[in-house]
Amino acid sequence: MEEIWKKNQYEPILKSDKMQIEISKENIESQVELIEQDGNQYTFSVDGKMYDLNIVMVENGAYSIIHEGKSYNLETIPGDKPKKYTVNTILSTYEIELVDAASRYSRARQGDEDATNDKQIIAPMPGKIVSVMAVPGQEVKQGDTLVIVSAMKMESEYKAGTDGIVQEVLVKNDDTIDGGQIMIIIE
Amino acid sequence: MIKKVLVANRGEIAVRVMRSCREMGIHSVAVFSDADRSSMHVRYANEAYHIGPSPSTESYLDQNKIIEVAKKTGADAIHPGYGFLSENATFSQRCKDEGIIFIGPDKEVIATMGDKITARETMIKSGVPVVPGTNTDLNTDELALKTVAEIGLPVMLKASAGGGGKGMRLVKDEKDILSSLRSAKSEALASFGDGTVYVEKFIANPHHIEFQILADQHGNVIHLCERECSVQRRHQKVVEETPSPLMTEKIRQEMGEYAVAAAKSVNYVGAGTIEFLVDNDLNYYFLEMNTRLQVEHPITERVIGIDLVKEQIRVAQGEKLSMKQEDVVQKGHAIECRIYAEDPDNNFMPSPGVIKHLTEPLGLGVRQDGYVYEGFEIPIYYDPMISKLIVWGNNRDEAIQRMRRALYEYKITGIKTSIKFLEKIMETPDFISGKYDTGFIEKNDTFLFEKRKCDSDCLDISMIVAMVDYQKRLKNTLNQDVSSNGESGWKKFGKKTSMNRF
Amino acid sequence: MIKKVLVANRGEIAVRVMRSCREMGIHSVAVFSDADRSSMHVRYANEAYHIGPSPSTESYLDQNKIIEVAKKTGADAIHPGYGFLSENATFSQRCKDEGIIFIGPDKEVIATMGDKITARETMIKSGVPVVPGTNTDLNTDELALKTVAEIGLPVMLKASAGGGGKGMRLVKDEKDILSSLRSAKSEALASFGDGTVYVEKFIANPHHIEFQILADQHGNVIHLCERECSVQRRHQKVVEETPSPLMTEKIRQEMGEYAVAAAKSVNYVGAGTIEFLVDNDLNYYFLEMNTRLQVEHPITERVIGIDLVKEQIRVAQGEKLSMKQEDVVQKGHAIECRIYAEDPDNNFMPSPGVIKHLTEPLGLGVRQDGYVYEGFEIPIYYDPMISKLIVWGNNRDEAIQRMRRALYEYKITGIKTSIKFLEKIMETPDFISGKYDTGFIEKNDTFLFEKRKCDSDCLDISMIVAMVDYQKRLKNTLNQDVSSNGESGWKKFGKKTSMNRF
Amino acid sequence: MEEIWKKNQYEPILKSDKMQIEISKENIESQVELIEQDGNQYTFSVDGKMYDLNIVMVENGAYSIIHEGKSYNLETIPGDKPKKYTVNTILSTYEIELVDAASRYSRARQGDEDATNDKQIIAPMPGKIVSVMAVPGQEVKQGDTLVIVSAMKMESEYKAGTDGIVQEVLVKNDDTIDGGQIMIIIE
């Protein structure tokens, strides 16, 4: 009997698949290329280094990979944008981005946004607004506390990242907010 | 006989209490806030009633609503769990007045132990060692200066009504005594409406060791040995174990007797905990008494072989304790890790959210007390604890190895958790050798917060798998199979991946 | 020192062995067939190698392939689990020849215990009671008639090389002796290539009680008390417990000494089990020895406080036993239920398939050893056991109550399971009183197989929920949200249901 | 604050929803009608008896229902046909069918099929064909073993349900089969 466990369980992905892949905060940028696929059995090249891998998605987002006999377990969590992933390995967690022309453009734009990041106060996690100390038009100094957010028995203060004028206040007391939501914009 | 218990709590402790109720054939009644309709305690209970909006002040702390549900459902008793109303003297009395058994001590006991000066006085009268200090309000500057001089610096100024670190000031320098006193008093007044402040000797990086006690209504009091709770961050326990690596049989017996004396001095009934500060020379001082079940009670259950919730219920319905002091024998070693929804790499910031995927540790010597499930969203309103992982081993080494194994198996995606941080604790030499105190995390922070990295193969494979996943999702989206039998794709991948046709 | 163990098995026992390896810092190597690529033991191991097609004869029983992987990976030892190659004398010797430690006894011991007549003879020599009968082949009709007359009817004719019920005939009537003998012999010859048949007294509905033993390479042998395994269907154990409700301290000591004597008589090394038949008057007879770990070993681990796999590994690498006989003390009571993928309402027909949804019991006193997960498809090629649920209680009553609670929490959808049948066993008066033998299921079949029904409210609610679900699925199909971020709807309902925006 | 937990989480299902629902093997056939819905809070009539229910799907296919304070947990497993469900309750498992005009028709047709059921040999579970003893055109008697299937260490024999001629043999040795698959048809 042939080795059925290697048999195709997904449609093959194109032979020409080739992507630039980055790991944020690690300064790693690699060229990943699919060389061959036969069912679960893949050959990939990462910056020229060849990998023969048996890859199976065993639960949604949970992958079992066998590489040279070693059994790896990875979990992939799609990010808030397509082509962005959080990947959990046994030791660490990586933020991974698949880069193509389109995402290069959007990353370039986001680069611009990053520069203005200290002009926005963004909630890093869901919570509830306890107190807003800013009104539009108000002059603020870097370090001034502008909003207090409560989540899970803890209160956190959010301060102005720069001197400036409050342009917009997007939250009010008792609002429930999402992680990533912009609360205040300073000009 | 208690036939129906209302559990005035949520999360893992509500489920834990209901489990014991179910084993005793007692019906359980859940109460829930807006945020908790899908919570496990609602699903687990025999009955469930909505009691109000998400903030706990309007639901889990609303005595009227809880009493109303208890009366409507004919519950004989209320179990308060820990936190919320568990140490509320008024609520204890309120239950009594309404003819409902409060599974916990009487109003008087809670009140006595809730006021720190009264508790200190009571302990001193019963001969239990307390931290050197005074029991009087430092109401004049002269008294304050004189008292501090007698005790010797450093000292801790403490609000008698205090809690949660409020109204506390550490004084290391003579020149700071009066300014610290003034700010402690004003903070205490603002926080508790009571400006009474007293002074204690400050003990640097002590051990935090507590004794579990059990007392019935017939005057029988026993202790169930100690728990070592010195692994703390921001005064929050993270890891607990029993026996304490510091403990000797002689000191255990002494402290245990004091713990029993402390409970007897207030005619305590039920399960409670006497907390001590212990220095490296094994000098110990009464710190406070918790008049309720503790989060970390399972490690005691495991080495002693007892179900503390069942004991609470039996005591509450007038039964005598099922054990005598001489029956209390610790077997092996137990460790508990608290799993929090938080980000250890970002100052332990809470990380609420939806549990996307959950793999729980199982097998020999592993107990898990949790309440979340796949698809559950951890609410932002309550404590970020997801679950407690408890292991047992024949000895401390085996318990540590088993905890490492269990943490390795534990996988939660969708939110950040303390699991990897706890794995690091289990690998820290000071923890492995058992030589640690409440300064543990600070002392070992370089090791504990060091980022671990995969080797280069593992990194490359991570990128490859992200690419495979992306392609697969892309394809799924294009070929989305809107099948009419309504299976709608969920878990279908399971079928696809594991079904090999030949 | 063993540093790497190849686990020549699959399913829950492979994962269970790997857990102990992980705790000991030993690397584990999995082997897997076509059907098992997604199996948990492959995911759990440090290394994993494919060894062939799904049928076990071509994979898990293929000695060459397994030895090849062991040599390639540099494994010091092979753990065979139970079943498959665990009692294969040739494989034990093969490992030895290849310089790999076989975690189990030598070829000679397996061979001696594998042949029933030889085993009987060996036990008789060591003074261990055996079922009255003979050790000689009934090779003439005269001998057969004479022997049966001496023993007295009813008798059981048994193939010496037998197993799995083949080559066995129960004879109740004198006229059936010779015809039964002939059919037993021909079946034995056909099944095992050996027509040797002997005769034993037939014991009706005995108790099945076994003793766990442990032996090191230095001549130390201890027993770890008994397990009561009388709840059986089709000679397959379903529920096991320890201590046995039948046992007295005096008989336990006697039987334990015989178990140790039995192990010593064959110079046994490792973990093994001596099985006895016991009648209601507590007469006991050696039945057979299992020269491997048993499925039900966890209940012994729990009441004794030992990790039997770790002991096996330590013994295999030449260490002395960590316990002496006088250290062996049973604490409390443990029960195991085997959870099978089968349909108890349809003659226990196996029910393979995809696990759609899984909720596992947790909390105090509950251990679970399983290997399935949501989305996993139970293969059709192997044993239908999904997991083992083990509970501990301070006493038998508490253990039964806890088992009921745990079975209540255990939910598996997508396949049929024995869970509700096990719940009925826990409610059967004969089980609760502890008065049962191997005739238990037959005797209580009316109670056990009685269909339970919801009350009319529950029935009506079932219909309503089916309708709600249907409408929801219909709507989801119509509005299928082909979102570009690739989340593709899975577990999204979780987000939707628990996220209340306000 | 109003009782948000009752708030709408799904779009309301139509007020006119009304269905005939049957529970197989229990001889139960009921008229189920949705009277009102406000978020998770439903009022249903079952053969005229009114139910006020709070219904939430907590996990996929797992429902939490609160009825007059009682907490119920049900699991719904869609059957092989739309409108067919297996519902697990705490004590028992029910086969439920939602009946409308279309399914009435298909049930009528299936009724015909049921009559011919002993002319088909159907595998009740997945397995592997060990041996096929029938060939097309063969004359068989009721009770003749026609096929042996192995699954999970157990072999089962499947016998002719009626006298007749083997019309079709749809499996061969070593085939892997699904539950519900027709193996042999007798005319």
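First chain written, first letter: the chains are A, B, C and D, and each begins at residue 1.
Here is the rule we go by: a residue touches a chain if its C-beta (ideal position, glycine included) is under 8 Å from a C-beta of that chain, and two chains touch if they have at least 3 such contacts.
The structure displayed is predicted, hence computed values, not measured ones.
**Q** Could you see whether A-C or C-D has the larger number of C-beta contact pairs?
**A** C-D
**Q** Could you grab the centroid distance between chain A and chain D? Build each centroid from C-alpha atoms only and quote it in angstrom.
**A** 43
**Q** Quick one: report the Å distance separating chain A from chain C, using the average Cα coordinate of each chain.
**A** Result: the chain centres lie 46 Å from each other.
**Q** From the mean C-alpha coordinate of chain B to that of chain C, what's the distance rounded to whole Å?
**A** Chain centres of chain B and chain C, defined by C-alpha means, are spaced 38 Å apart.
**Q** Report, in whole Å, the distance between the mean C-alpha point of chain C and the mean C-alpha point of chain D.
**A** So the centroids are 33 Å from each other.
**Q** I need the residues of chain C touching at least two other chains; which ones are they?
**A** 34-35, 37-38, 54, 356-357, 359, 373-376, 408, 470, 473, 484, 486, 490-491, 493-494, 497-498, 500, 502
**Q** List, in ascending order, every residue of chain D touching at least 2 other chains.
**A** Residues 1, 4-5, 56, 58-60, 78, 82, 176.
**Q** Sort the chain contact graph into one of these: line, ring, star, complete or other.
**A** Drawn as a graph, the chains match no named shape, so other.
**Q** Identify every two-chain combination in which the chains touch.
**A** A-B, A-C, B-C, B-D, C-D
**Q** Please name which positions on chain C make contact with chain A in the complex.
**A** 29-30, 32-35, 37-38, 42-50, 52-54, 58, 72-73, 373-376, 484-487, 490-491, 501-502
**Q** Could you pull out which chain C residues touch chain B in their complex?
**A** Interface residues on chain C, with respect to chain B: 15-16, 19-20, 22-25, 34-35, 37-38, 54, 298, 301, 305-307, 331-332, 354-357, 359-360, 362-370, 373-377, 394, 398, 401-402, 404-405, 408, 470, 473-474, 476-477, 480, 482-484, 486, 488-491, 493-495, 497-500.
**Q** Using the touch definition up top, name the residues of chain B that touch chain A in the complex.
**A** That would be residues 341, 346, 349-353, 356-357, 359, 380-384, 408, 411, 413-414, 451-454, 457-473, 475, 491, 493-494, 496-498, 500, 502 of chain B.
**Q** In the complex of these two chains, what residues of chain D are touching chain B?
**A** Residues of chain D touching chain B: 1, 3-5, 40, 54, 56, 58-60, 64, 66, 69-71, 73, 78, 80-82, 176.
**Q** Residues of chain D touching chain C in their complex?
**A** Per the stated touch rule, the residues are 1, 4-5, 7, 9-11, 13, 17, 19, 21, 23, 26, 28, 30, 32, 34, 42, 44, 46, 49, 51, 53, 55-63, 65, 67, 72, 74-78, 82-83, 85, 87-92, 94, 96, 98, 124-128, 151-154, 156, 176, 179.
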